[in-house]
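The block underneath contains the structure these notes are about, expressed in structure tokens.
A, B and C label the chains in the order they appear, each numbered from 1.
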Amino acid sequence: MRPSDPLVELRNITKTYAGPMSRFKRRTLRAVDGISLTIRQGETLGLVGESGCGKSTTGQISARLIAPSGGRLIYRGEDITDAGDGARSRALRRRIQYVFQDPYASLNPRFTIGRLLGEPLAIHRMAGRKERHARVAEMLETIGLDASHARRYPHELSGGQRQRIGIARALILNPEFVVLDEPVSALDVSVQAQILNLLRKLQRDFALTYLFISHDLNVIYYMSDRVAVMYLGKIVETADVDTLYSRPLHPYTQALMSFVPSDDLRPKREKIILRGDLPNPLDIPAGCPFQTRCAHVHGRCLAEAPELKEAGPGHSVSCHLYS
Amino acid sequence: MRGMRNHSLALGTLFVSILFAIMLISLVYTPHPPNEMNVRERLQAPSARHLLGTDNFGRDVLSRVMFGSQTAFQVGAVSVAIGLAGGFLIGTLAGYAGRWIDELLMRAMDALLAFPGILLALLLVSVTKPSLFQTMVAIGILAIPSFARVIRAGVMQHKEADYVKAARGLGAGNANLIFVQIVPNIASAIVTTAALNFSTAILIEAALSYLGLGVQPPDPSWGRMLNEAQSYLTKSPWFALAPGVMITLSVLGFNLLGDGLRDLRDKSN
Amino acid sequence: MGMTEEAAIGADTPLLDIRDLRIQFRRGSGPPLPVLDGVSLTVNRGETVGIVGESGSGKSVLSLSILGLLPGGMHIGGGEIWYDGRHPLHRMSGREIRALRGKEIAMIFQDPMSSLNPGLAVGDQVTETLRLHLGYSRREAKEHAIRLLRKVGLPRPESLFGEYPHQLSGGMRQRVMIAIAVSCNPGLLIADEPTTALDVTIQAQILDLMRTIREEDGTSILLISHDISVIADMCDRVLVMYAGQILESGTIDDVFERPLHPYTAGLLRSIPTPAKKNSPLDSIEGRVPAPHERSAGCPFASRCPHAVERCRTEMPELVAYRGNHAARCFLAETEGAHRHAAV
């Protein structure tokens, strides 16, 4: 891999699910509809969108928890889409990790914390028992918990502590690339700040690359270098974070950004209130997916789906207004 | 224990422990040899020498009842083991693989469950010469569907849990996912089913032996003692009472234990 | 504070007047646990008051207690709740409270899917309230209901009338909830986390709707949320709750720009606003104590960077400083209202 190559690349990834039958026709759910992303080493790419936009699915595909229906997944210049389940897959699992949103459900309730953290090492046969113990103790300290927590069970810890364990478990194999799926959404604001600080510190200390998925615009701004906005399975805009938040081009992004509070916590005066609802992912209309709510919709939008095109340096947008 | 209002668990544990103790003692000591016949002392009422009296062959009832507990536990343990092994195999396969394998296996289990237990056991033991071994195998087969159902339900429920996804994401293989991740989470359900099946096993064995199709003489069995005692019910009731009470206590004990364990698990959920 | 039996009813009587409310949770063994520990607040006519707090603060319990909807095991252990100066909600019978629910005081909840009856058509749920409280006939109620559904911004209200909750999206269900809530033109609307389960673009629509209703009908609103920006956007005054107590109260400007209490300041500092991008966030150490972990003294003492010995043993009073900006903190007392906890 050349230094200028991206670490992770998604090329035209799609994921479809068979939906319920409707009048003798099986509708398909296009959770992810042809998205392409690049993530450079050491950066944090924020992926933002509302429910049903497919960001979680994208995250799980990037971390190889789900197989895509189409498209290629490239890691360090190598195509890993069909890595399967064998030795090559296991090697990849050491490099690419995933942190779940729900700190309650993602830890086996029957395991002690020590066992939960040591498990990745055991599965990959990377350390004997004594060494595992030492690594676990070291990791607990790194995430700000006491080594005595190794003897406790998940239900004895608070939400914030559980999330730290989830993060620690992902990091104990020394991965390069970590997908974080709404890691702070389930937490109170004061605990959220602790976790965000921890994530930034770990990124610096361990030279990690993050794909950070969230619906919270403030958190995305704080954590990301670049941001991609998703709507109904498609990427509608990508840019570096300052440009996206100050000069959004896509009407959807503009609406989202109008809700970001300024520093005195009051939203900016000119809030853009979209009309209509989030459309059903089973019934995505032909043409641009945003047509049902866009204030600038015109004829071409109904007929033709726009492509993601570059509108400025490092700034791409998928909208007929700009092509 | 503070706050322990789980009467089922307490009583069940008590009964089962007493029975277990009796069984252990009988392995090394009984007041009289259980099979020793003494026609002159037949059908005696309970006395100092024979605490529960003697049967129609002059054998000490207490000793026979104690010895019979060995059969009960043996049948219970082995048939539960067979049921658990078979049920685990089928339940895990059905729950984990899903789709047509699940359909196929569960229809087979439904078919097995459709037969009344005793009839099926009769069928199985009557095609070969009745013996202790046949009895255990037959009852074991009968126990498979209930284990299979419980295990399948547990596996299906936990298979999609985030913590299993997390383990898979860490590189764990299917074997690890089933045995290391999921099984500890369904263990208490399995134990409850085992306790309840134990009591069913004892009951079915007693019924089979009563009909002469289970354990054969001279091996003692409560069921067969009931059969032998039938004719003497009015003159020597203790002869029938002893094994009858033992059967009742055993079945009650294991049922209460099973219920108590289920309540314990529900509460902790 | 005096416990008057009946307040003088005047034009400036607060619409909602809660005085020193205590709510307890009865356990199987041991003394009852305090859930709310002496909470007082007022909502005046036409005002929108916000309650902000994290989990375990008791804010939801507070809202439920107003309409007598406390879950089993919890009961009012002291204090008073007055509506419009003449309804003592804290000691009214079930029947009397039911007459007020939906008619004078209405409530909307976080999750419209569980608050709407999944087995009844949407229209029927709206007409139910109208017929119960206002005695409309079936036809009148249906007409009125369709007007209401249109008023809350639902498309095709005539056909929506016959649909079921599961056929609607989250935003639409919340609009139905609001339609039911405002159907009898209540004086007070209690909204408990009304937008928390919604996406941000839908959230904006719902808040906008609530603003419209407030302007058109003059409804007073008690808005409960953990999201400070929602409170800042909608409310005139705010109360900050923590572990069953009010730690600070005042106007939005006072509390959010010049907070007096270290907890409020800490909370504001934790929010990742754009200006804080390049430095670590100031977070509050530790976590909220559970009801059985509360001890004497200030509930925030264990996490407060400014706590002294007195804070751990003695409970500070809620003291009003300049113009109704109140805080429950010894530090604020000693330094007076001149101190602003640095944001």
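Here, contacts are C-beta pairs under 8 Å (C-beta built on N, C-alpha and C of every residue); 3 or more make two chains touch, one makes a residue touch a chain.
None of these values were measured; they are calculated from a predicted model.
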Per-chain CA centroid nearest to the all-protein CA mean:
A
Busiest chain-chain interface by contact pairs, anyone?
A-C
Distance from subunit B to subunit A - Cα centre to Cα centre, in angstrom
52
In whole angstrom, the CA-centroid distance of subunit A from subunit C equals 33
For subunit B paired with subunit C, centre-to-centre distance based on mean C-alpha positions, whole Å
57
For subunit A, which residues are in contact with subunit B within the complex?
63-65, 85, 89-90, 93-94, 97-98, 100, 102, 105-111, 119-120, 123-124, 166, 169, 173
Given the complex with subunit C, which residues does subunit A contribute to the contact?
50-51, 158, 160, 188-194, 196-197, 200-201, 215, 217-219, 221-223, 245, 255-256, 259-267, 271, 273-274, 277-278, 280
Quick check on the complex: what are the subunit C residues that touch subunit A?
54-55, 169-172, 199-205, 208, 226, 228-229, 232-233, 256-257, 266-277, 280-285, 287-288
Touching subunit A in the complex, subunit B uses residues 161-173, 176, 181, 184-185
